[in-house]
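Both of the next two complexes hold subunit A, though its partner changes from subunit B to subunit C.
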Partner chain A sequence: MDVMGIAIKVALLTAYAVIGTCVGLLFMGIGRKIIARVHNRVGPPFYQNFIDVAKLLSKKTNISHGWIFDLALLFSISGILLTLLFLPIGGVQLLSMEGDAFLVLYLLAIPALGFALGAGASGNPNAGVGVMRALVMMLSYELPFIITLIALMIYYDTTSLATIVRMQSINGVKSWAITMPPFMLAAFAADMALQGMLMEQPFDIPVAPHEIASGPMVEFGGKYLGSLMLYKAIALVAETTLFVDLFLGGGVVAHGNFAFVINFIVWLALIFLLFILSILIAASFPRFRIEQAFGFYWKYEAIIAAISLIWVYILVIK
Partner chain B sequence: MLDIIFAELIIAAIITFFVGKKIASIIAGFISILPLFALIDWANNFGFKTISFGIERQMNISVAGITLHLGITPLSWFFALMILPLFPLIMLYSYSFFKENDGFYPFMLFAFASTFGILLSKDMLSLFLFWEIMSWSSFLLVYRSRDKEAIISYLIFSVFSAFAILFGLMILWHENFSLLLSDIGRINGIYGFIAIASLIIGFSVKSVLMPLHAWAPFVYSKSDEPFVAFLSGGLSKLGYYGMFLFLFTLNGVKILQNYTPNVAWNYLLAVVGSLSAFVATMLAIMQDDLRKLLAYSSIGQLGYIAIGFGIGTPLAITGALFQAFNHAFFKAVLFLAAGAVAYRTGKWKISELGGLAYRMPLTFLAALFAIFALAAIPITSGFAAKWLLYEAAIQQKYVFIAPLMLIAGVGAFLYSFRILYGVFLGENRYPDVKEAPKSMIAAMFILMLPLIIFVVFPGYMLDLMKPALSNSGIESIAHTKFAIETSLAKYNSMAVLITLIAAMVPAFIIYKARKHRITSFEDNYLAGEPYEFHNPSMHAAHNFYKPLKGVVLPYFEPGATYYFEKIYKGIGILSNGIRRIYTGFVQDYAIYVVIFLLAVMGWLIWM
Partner chain C sequence: MGLYIGDKMMKYEEWSKLAIKVSKASLWMLHFCTGCGAIEMPPVMTSRYDMERFGIAPMATPRQADVLLITGYLTVKTLRRVIQVYEQMQSPKYVIAFGSCTINGGMYWDSYNTIKHLEKYIPVDVYITGCMPRPEGIINAFIKLMELIDEGKARGWEKYQKYYDKYKENQRRVFNFEIEGENEEY
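Moving on to the complex of A and B:
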């Protein structure tokens, strides 16, 4: 690849990183507004999260607890940006040809582990308990998610997200995975897993503000809390995009001259809808206990996912 | 030259009986570097340009009319590459680990020499001979623990393994009348089937595959750490070396298939491996003893290798060998780090440790990096191995194995964080502890090097295993220096690493934009309560995964150990019954003699 090609690629990746961050912060603000409306409050303005992040990042008093604590800041932002760039977004492949869905699953663990290290290094017992809950939640929701992922992989005979998106975009909306009955079941299970990934109610057990003082981030303040807010914003975009890539054809509906713009708008609309769905579920349900959440995922969701996997397996073997 | 290397290893083993601890570890360390020169030299034979020391490839030792055929094969060269470098580094570590020389070094050297011998064996006799020397010397090392459960379980399982292997080898000999391993290809039918099955069962004891793993938690948690690092990192690979040798190089898979064309024995091995990975991971999450946690984690991680051999496609076997290579190094580092922690604090229970990261930062870094490799985070070479195995399972559409493997991978995060949080982070319980001695740190950091090299160049690893694979008729995977490509997807480690470093830039800007000040965490450990009311018996890492324990653990009761104990008790009752024939009355013995003579007469008449 020549110098010009690399420069264009780097510019594109930077642009998507910035867009992802802004979209995430915007969505978080809108989410706060919607939850306030459901609760019959006025709520903050939709751009509140931009103000919050700017304020936190420019604070003059920052308390650290040593270099391991700082790893939380460094790994959470870099890890989640890395994950975002390995996903196809609105039909644009970015780096997704260089890796696959398994890589994305493990890249998602980098920011989580960095975050957990920082929380642990703060020495606060609430942080430790919060990380424990987050990890148990991860074990819970990953099982149905992995099973649906395998169903998709054996159906399309690939593990690459870029290829999955391409095969779903051949006939526009009609070839999206979610239009097939087995994948409707799988999409339901995966959406519940997404609820856990986003740590929204009823699965906001790890942060649980009333029980363990917002858990892992209890000791974070100033630039550390600001960076975690950025992490959460980008993670929101990355995780909903992963769902869209898997089941909704990556938002690709058009081919041709202006396809790039149309696909981008469709992708944005789809992740917004997913996020609104998740927010509405969050606004209507109280929090599970940790063992209830574990049972929910490993019993009901896993069985739904397994039915779809067996169905797909029979289709493929035939 | 080769005979000199062997002779020096044996002589060094004898000398170390009589010298002090420091001299013994220096002798053992330097002598055990010699086989590495041989490895470098032999690389010339497999298509790599290295220095030549003029060490021969073949050697025959004739003793009393019996000839032992020794020599290097591409397969044993690759396994030697992962097992042998551990030894000098473990000796470097043990330089400051032991207080005195009380019989550790001689037996370690015997174990090392016999490991080298097993890898060089080209006939069944030398294979079994060296296997027995290895089992015997490692048993004496386990015996140093003075723990009844560890000693008895290791002895019983080693004897079982040796019998199974001997049984298999004897059948092979009876069919071929040739001791050379290369003649096995001719065997077929039921005898071939029984021989191969028995060999696989025998080897799976050493490679701690799930039903036969019961000895490992006891032995790993009671023996000396440097030995356990070698046992888990090095000796467990010998089991997989044997499996690979008989299954792929010597066509065991075809022998099994020819006898029972309708049964997929491969698939059974893969299922056993995946259950092993899943169940052991779940049990590792629940452990409080650091060494037991690492033992179950070993069982789980080694299960992946069995999955790879079971799936049996080139992709899967490549992944399995890669996983074996990684496991040798990261598990050795983890056991050595655990040993360093115990060396300074004297504690093994995770709930009694805590806050050591700032006191022992280098040990923490080594453990952290090894844990990244164990949890297959893509900044270490651990990821490429697991990725190849996942790809292989999806390629074959193994829908039962793939979810178990993946969820075991997620479970690894849980117990990894248990180690990190319980031992190194959280409340600082040991404010006066010093960093581990320099030799320990050096050993751990050198052991980390392969994990770094092969994440930057995963292609080099595939190049290294190419001779072993092509010798067994397995084609190698398409790859470049930085990327591995399969029919399903591509993994480019360079893209990951460069993007990660680039993504560090905004994070670093945020980090540097505003100053921070560091405060001690004693004031916030108690979440705002005054320090005087702090109850030191309370610990956030105590019973860490309690919510999970109540839900998951009942499904794993009563466990394999329960059934082995039942068998153990049953044999006891049976033996007690047989013992009753010794009644102590002369009349009874006379009747036995008469019955025996009558039986012999009856047999002779019948003949």
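Moving on to the complex of A and C:
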């Protein structure tokens, strides 16, 4: 690759990261507004989260708890950014390789480990409890999610995200995975897993502000907390995009020269709808206890996902 | 050259103006619920008075918060915790004190184990009068704090850094009947 090509690629990657962050912050603000309306309140303006991040980044003192604490944050943010860049957005995938569906799963685990490092370095007992809960949550929602992913891989006979998206966009909306009955079940299981990934209620067990004082983030303040908010914004976009790529054809509806613009808008609309769905679920349910969440994922969600896997297997064999 | 330096200073001022604007519009509070004032906080936060529309949100820990709410009288024992919490917060930080108990002792003016003037021990930016202030009063106090931040007058945290020795002296005087060894910290 020549120098020009590399420069263009780096510029594109940066643009994706910035767009992802801004979209995430905007969605978080809209989510707060929607929750406020559900509570019959007025709610903050939709740009409130931009203000919050700016305020946190402009704080005058920032307490650090050692270099592991600093690095852990970088670890989380870079992990989630890499995940975002590996996902096809509107059908365009900037970084790709064979078997990137597995790679994305591994990358999604990096931020949780980063949290564990940071919480360990801060030495606060609440943070320790929060990290334990976060790891148990990861263990619980990843089982149904991986089973649905395997069902998709068997059906489309590939481990590459780009191929899954391309196969689903051949006939536009009609060829989306979610239109097929077995994948409807799978999509339900995956959406519940998404709720856990986003740490929205009823699965906000790891951060639970009223029980364990916001868990892993308990010692984060000032610029550190601001970076965590940025991480959360990117994570929101990355995780909803993963769902859209797997079940909704990555939002690809048009083909041709300027199809990218249309696909991008459709992608934005789809992740927005997914986010609204998860916010509405969050606004109407209280928090589970950790063993209830674990039971929910391993008993019900895993069985639903397994049924869809067997169904898909039968379809493929025929 | 002079113009250049002038330009640079203008720029710095603009940045700090922006910082003031954003820190005014997003005040995260930590309510240290002592005394009777805690009971007024739920209506302020929920749908009746809804303080989130001003960008004010409750936070779980002192590290994350900007505003410390002292909601009533403080015993000497609680004051230690308040000071610890206040010192854990990240500046710029502000304090709002509720009710007459924090101003002059209120109905506990002759009590043997409460402090009478909170201002002596930590810098207070806004007082709310009344025994008990109404939720409207609390929201009013936040609006007043926003105005003060905008005018650059809410400088309690700088005062605490500048007169640290004096504050410590006052704190030690009220703690001195407690165990000797523990005094060193606060």
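Assume the second predicted complex is superposed on the first by the 315 of 318 C-alpha atoms of A that agree within 3 Å, B and C clash if a C-alpha of one lies under 4 Å from a C-alpha of the other, contacts with A are read in each partner's own complex, and residues count from 1 in each chain.
In this section, a residue touches a chain if its C-beta (ideal position, glycine included) is under 8 Å from a C-beta of that chain, and two chains touch if they have at least 3 such contacts.
Source: prediction; values computed, not measured.
Student: Would you sort A:32 into first (subunit B), second (subunit C), both or neither based on which partner it touches?
Tutor: The second partner, subunit C, only.
Student: Contacts for A:277 in the overlay, against subunit B (first) and subunit C (second): which applies, first, second, both or neither?
Tutor: neither
Student: Applying the touch criterion given at the start, work out whether A:125 contacts subunit B, subunit C, both or neither, answering first, second, both or neither.
Tutor: First partner only, subunit B.
Student: Considering only touches as defined above, state whether A:259 meets subunit B (first), subunit C (second), both or neither.
Tutor: Once the two structures are laid over each other on A, A:259 reaches no partner at all.
Student: Considering only touches as defined above, state whether A:307 meets subunit B (first), subunit C (second), both or neither.
Tutor: neither
Student: Does the superposition put A:315 against subunit B (first), subunit C (second), both, or neither?
Tutor: A:315 contacts neither subunit B nor subunit C.
Student: Is A:19 in contact with subunit B, with subunit C, with both, or with neither (first, second, both, neither)?
Tutor: Neither partner.
Student: Check the residue A:167 against both partner chains and state whether it touches subunit B (first), subunit C (second), both, or neither.
Tutor: So A:167 meets neither subunit B nor subunit C here.
Student: In the three-chain superposition, say which chain, subunit B or subunit C, touches more residues of subunit A.
Tutor: Counting residues of subunit A touched by each partner, the higher count goes to B.
Student: Can A:58 be said to touch subunit B (first), subunit C (second), both, or neither?
Tutor: A:58: touches subunit B and subunit C.
Student: Residues of subunit A that sit at the subunit B interface in one complex and at the subunit C interface in the other, please.
Tutor: In subunit A, positions 58-60, 62-63, 213, 218-219, 222 sit in both the subunit B and subunit C interfaces.
Student: Could you pull out which subunit B residues touch subunit A in their complex?
Tutor: These residues of subunit B touch subunit A: 355, 357-358, 364, 368, 375-379, 383, 387, 390-391, 394, 397, 399, 402-403, 406-407, 409-411, 413-414, 417, 420-421, 425-428, 483, 488-492, 495-496, 499-500, 502-504, 506-508, 510-511, 513-522, 524-527, 540-541, 544-545, 547-548, 550-551.
Student: How about subunit A: which of its residues touch subunit C in the complex?
Tutor: 32, 36, 39-45, 48, 51-52, 54-55, 58-63, 209-210, 213-214, 217-222, 225
Student: What residues on subunit C touch subunit A, complex-wise?
Tutor: Per the stated touch rule, the residues are 18-19, 22-23, 25-26, 28, 46-47, 50, 52-55, 57, 59-64, 66, 89-92.
Student: Can you tell me which positions in subunit A touch subunit B when the two form their complex?
Tutor: 10, 13, 17, 57-60, 62-66, 68, 70, 73-79, 81-82, 85-86, 95, 97-103, 105-107, 109-110, 113, 116-117, 120-126, 128-129, 131-133, 135-136, 138-139, 142-143, 146-147, 150, 153-154, 157-160, 163, 213, 218-219, 222-223, 226-227, 230, 289-291, 294-295, 309-310, 313, 316-317
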